[in-house]
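Two complexes come next, and they have one chain in common, chain A, joined by chain B in the first and chain C in the second.
On to the complex of A and B.
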């Protein structure tokens, strides 16, 4: 009823606008603008979707390809710092803690500030140009078909940056069912925190096809979100989605200054996270991996935890290190890569990638990426999910649903890959 | 805009579209191990994106002869996408050059020509289209 009223109100508003225009203007031949020309193609029912996919592909290629040398520079600086700490500090325990635990742990994660900055730069350029609103428009029709309102697309787009503001953005969805549905599927949209995992694994196992593999993860997230929406709309949230009314802004030439400000705003959040949550994670992980002192990582406390839960993941072949990474990844998804660096006791992305090749096959690596994408959201998202749904029941459901879907998808990848001879 | 120019644009745009689609198919074929075309990247999804760009140019055919700017719109957006992809791979080439200068292990045997992908220079064939569009776009902007 509310939705019908809203549509009626909009119709009446535009009817009134049309009457006023007719009464006050002389109708001549319709004049085109540049925005009209661009919209003709960007919103076209045949090429609108391919343009959307091509834009996103360009965004991920830009993010991955251009960030490599900057990651290398940051890595070199932190490796040097770590070596200095080990040489200067006389106490063996303190030197190992600062050089390997603190600097090594932080250094390993902070290198991913480069791709995250490039990702946000490209999102800002698309947003400032007015294209993202068109992307929402293009996606409205398929989203309505699967039982989602077009309003859900804005939170889903925001989800590519971070799921926390994305979930808060669902407040614009008035219908309770539509909102709950959007909240539950939003964690499947791959946020920037998962990017370090993809980059590490893509570099380790799929060097030549790294961009394709990373892009496939984002597409997988969208597909799972769509299928989940379809499933949940037919079971738990029966009914029609509310209609979506969107006024498109005119196209503007994005300015580098504005895009750079956006980029810095969002990247600085990541940097702050590195020196707070991830620092705590690094310290905790290092302590658990270093003690009992001298026993080696294989016999450390963290290995005990990992080996205790490893049987759950045994059919997927993630090993105890992967199991530990998922547990600590609940703090923040970036901790997953940090965990591998600390558990392998190596420095830098290249060395970790080599170590990963020793414990996983490319097929298991791909399944691991898919599991990381889909399993339980991070602690911050979990908190926001609880707040926005106002219910522990729906929060718990979203978490368990994500875990089940992640396990199922990873198992399907392993099974199909094995059948195709990729094992 | 007269019909002759409209049809000329449709023919020109479809030629560019076909070239992009063919290059895209070749890139996909290379990546699937079905062929080994020289100077064409081995890139499955990159090839798919070239097919998408080709599709935008080909869409001009169906729209030409309708409203005045319909056909030109697809040519314009096709050129924008082609230029975006050219810029993208130039940026990637620059980044790889920087990695080489830094002495990164993965780039020890890097050669600039390997990164000089066809997508970088393929938009050169859209220059006549850009010239046609320039006047039209300028006229629109001056309104």
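On to the complex of A and C.
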């Protein structure tokens, strides 16, 4: 016998199926449905892609516009709480810890529960309606042309929520090369944990273009992921991608209940993360930035760490604060935002966004956003990478590759921006 | 006594909707492959019967090549659920039945939920459920899970199928398993291999000999792994080469 046996048996099974269908099922005339009409437009060769980009832009506009008032409210509440803490608590260490570390750090990050909730609401609406599956289909065309399977795009779309489940979804990819490739490029897809960084920076530097700037980060993530896939396909994972068959679900009106469940699930994950990972981060960061006591942030332990690494980032101009933010951001990407909040709080700056403008130019800010998007997966993703690739080698490769790409892209942004006179 | 029930089906057939409806869980429902890559479980009670419902990854097939397919398959083979619920998208019945045929080979008690009947109707499909029941030899329940149609009947069918499994264990079973034939030429080879498998009680204790025989003939890597160390390993390898 040979492996043809499998093919022969498969044929036999389909033979049986067609007998069963003949005996049991009458197929009538198919009606032309609204779903078919929508697909005519959404899957069109020419307008499909612009529709996809527009949908995403609309998604971020919705997320940003809806969450700003909530963020303001939560922020005001915490600023007030922080002032109260500093006044009421008699012990000066404790007052500083609670006021600057906990309320200034954790309180500042919890504000981002609002945009995260709205982001997931819009993702859920797009997903439940059936549109996201179309997006995968639309992306398959350009991806296939450069030798990639659209199969990889589904985990990429899932990555907009969180890279961890997205990477687990690669298990449905049969071909080992395709799977490894998809795993390695997935961290480039901008997850919701990066959103707070974008919102903080976009609001600080690009007020009226904030939404477009945030959107551009997500598009940058997709582009880098695709280009990386292309590069890896031509070098380490030579070969043809497996063909991609995607079943398109019919368009359905999303139910509010299902969307609300999704939104609630993900937002509560974020809130839990704030009180675990980010709490640890806050305590650590505050201790390091408040001590030696009374020396000022510029001479604190955290500044020593930052200044030791800063030379690496000197060409990019991220400063020692940015350097430290990246180190701690490995814990979870929200910590990047938390770091700035605590550093500025200890310095006595109430508004992080305004204080940011004092230490970076808009161009550097934009490069910083790109670097945070690309530089290194967070701890959780690192763990999943190890588990799913089953090898430290590939995990290490993905991490180093990410760092190199991040540095390169940030440098290009600075260089091109300077040439164009944006510095 | 808790009935162990596994939910299987192709991706995107409403498996998670049915899982949520049965268990009262609030798992988010997605509409593309890969949503459920790890199994999730929940509980359900119907007419005094307690059930543990396990939601398996949605797959088109049960080969050993993709990890999600292997997870689904291994659960059914190794953990032997009392009832396997195969959820079928009625509007794509042809393609969905492929998995059903593979599940039948595993010889567990199967209940088919013929889901998305509304979509099938819109497509102009008319399915003779009674005839289909006869041909497959399993219980079939038409459902529209998103609207809650047929879920009570589905629970009833699961409980009845579970009873058949128990009866079978105590030797009281009258329930027949229909065996789909691959045709004379193939059946001859299959029974030759399964004859050899039956000589090793360690194998028959764990696996359906017919299922294992077919997998071996397909050169399935996982099946080859399963016969390692068996007294019949050498003979089997020679026959299937």
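Of note:
Note that the second predicted complex is superposed on the first by the 387 of 423 C-alpha atoms of A that agree within 3 Å, B and C clash if a C-alpha of one lies under 4 Å from a C-alpha of the other, contacts with A are read in each partner's own complex, and residues count from 1 in each chain.
The rule is short, and it goes like this: a residue touches a chain if its C-beta (ideal position, glycine included) is under 8 Å from a C-beta of that chain, and two chains touch if they have at least 3 such contacts.
Since we're looking at a predicted model, the values are computed, not measured.
Of the two partner chains placed by the overlay, only chain C lies in contact with A:154; chain B stays clear of it.
Of the two partner chains placed around the shared chain by superposition, chain B and chain C are both touched by A:31.
Once the two structures are overlaid, the count of chain A residues touched is higher for C than for its counterpart among chain B and chain C.
When the two complexes are overlaid on their common chain A, residue A:50 makes contact with chain B while staying clear of chain C. With both structures placed on the common chain, the touch criterion links A:5 to chain C but leaves chain B unconnected. Shared-chain residue A:310: touches no atom of chain B or chain C.
Shared interface residues of chain A (contacting chain B in one complex, chain C in the other): 31, 33.
Taken in their complex, chain B has these residues touching chain A: 31, 42-46, 49, 52-53, 55-56, 59, 63, 68-70, 72-74, 76-78, 80-81, 84-85, 88, 91-92, 94-96, 98-99, 102, 104-106, 137, 140-141, 143.
Of all residues in chain A, only 31-34, 36-38, 40-42, 44, 46-47, 50-51, 53-54, 57-58, 61-62, 65-69, 72-73, 76, 207-209, 211-212, 215-216, 350 touch chain B in the complex they form. Interface residues of chain A facing chain C in the complex, by the touch rule stated above, are 1-3, 5-6, 8-9, 12-14, 16-18, 20-21, 23-31, 33, 124, 127-128, 130, 132-133, 136, 154-155, 158, 168-174, 246-247, 249-250, 258, 261-262, 265.
Residues 11-12, 26, 28-35, 37-38, 57, 59, 65-68, 71, 92-94, 97-98, 101-102, 119, 122-129, 131-132, 135-136, 180, 182-183, 186, 189, 214, 217-220, 240-241 of chain C are the ones that touch chain A when the two sit in their complex.
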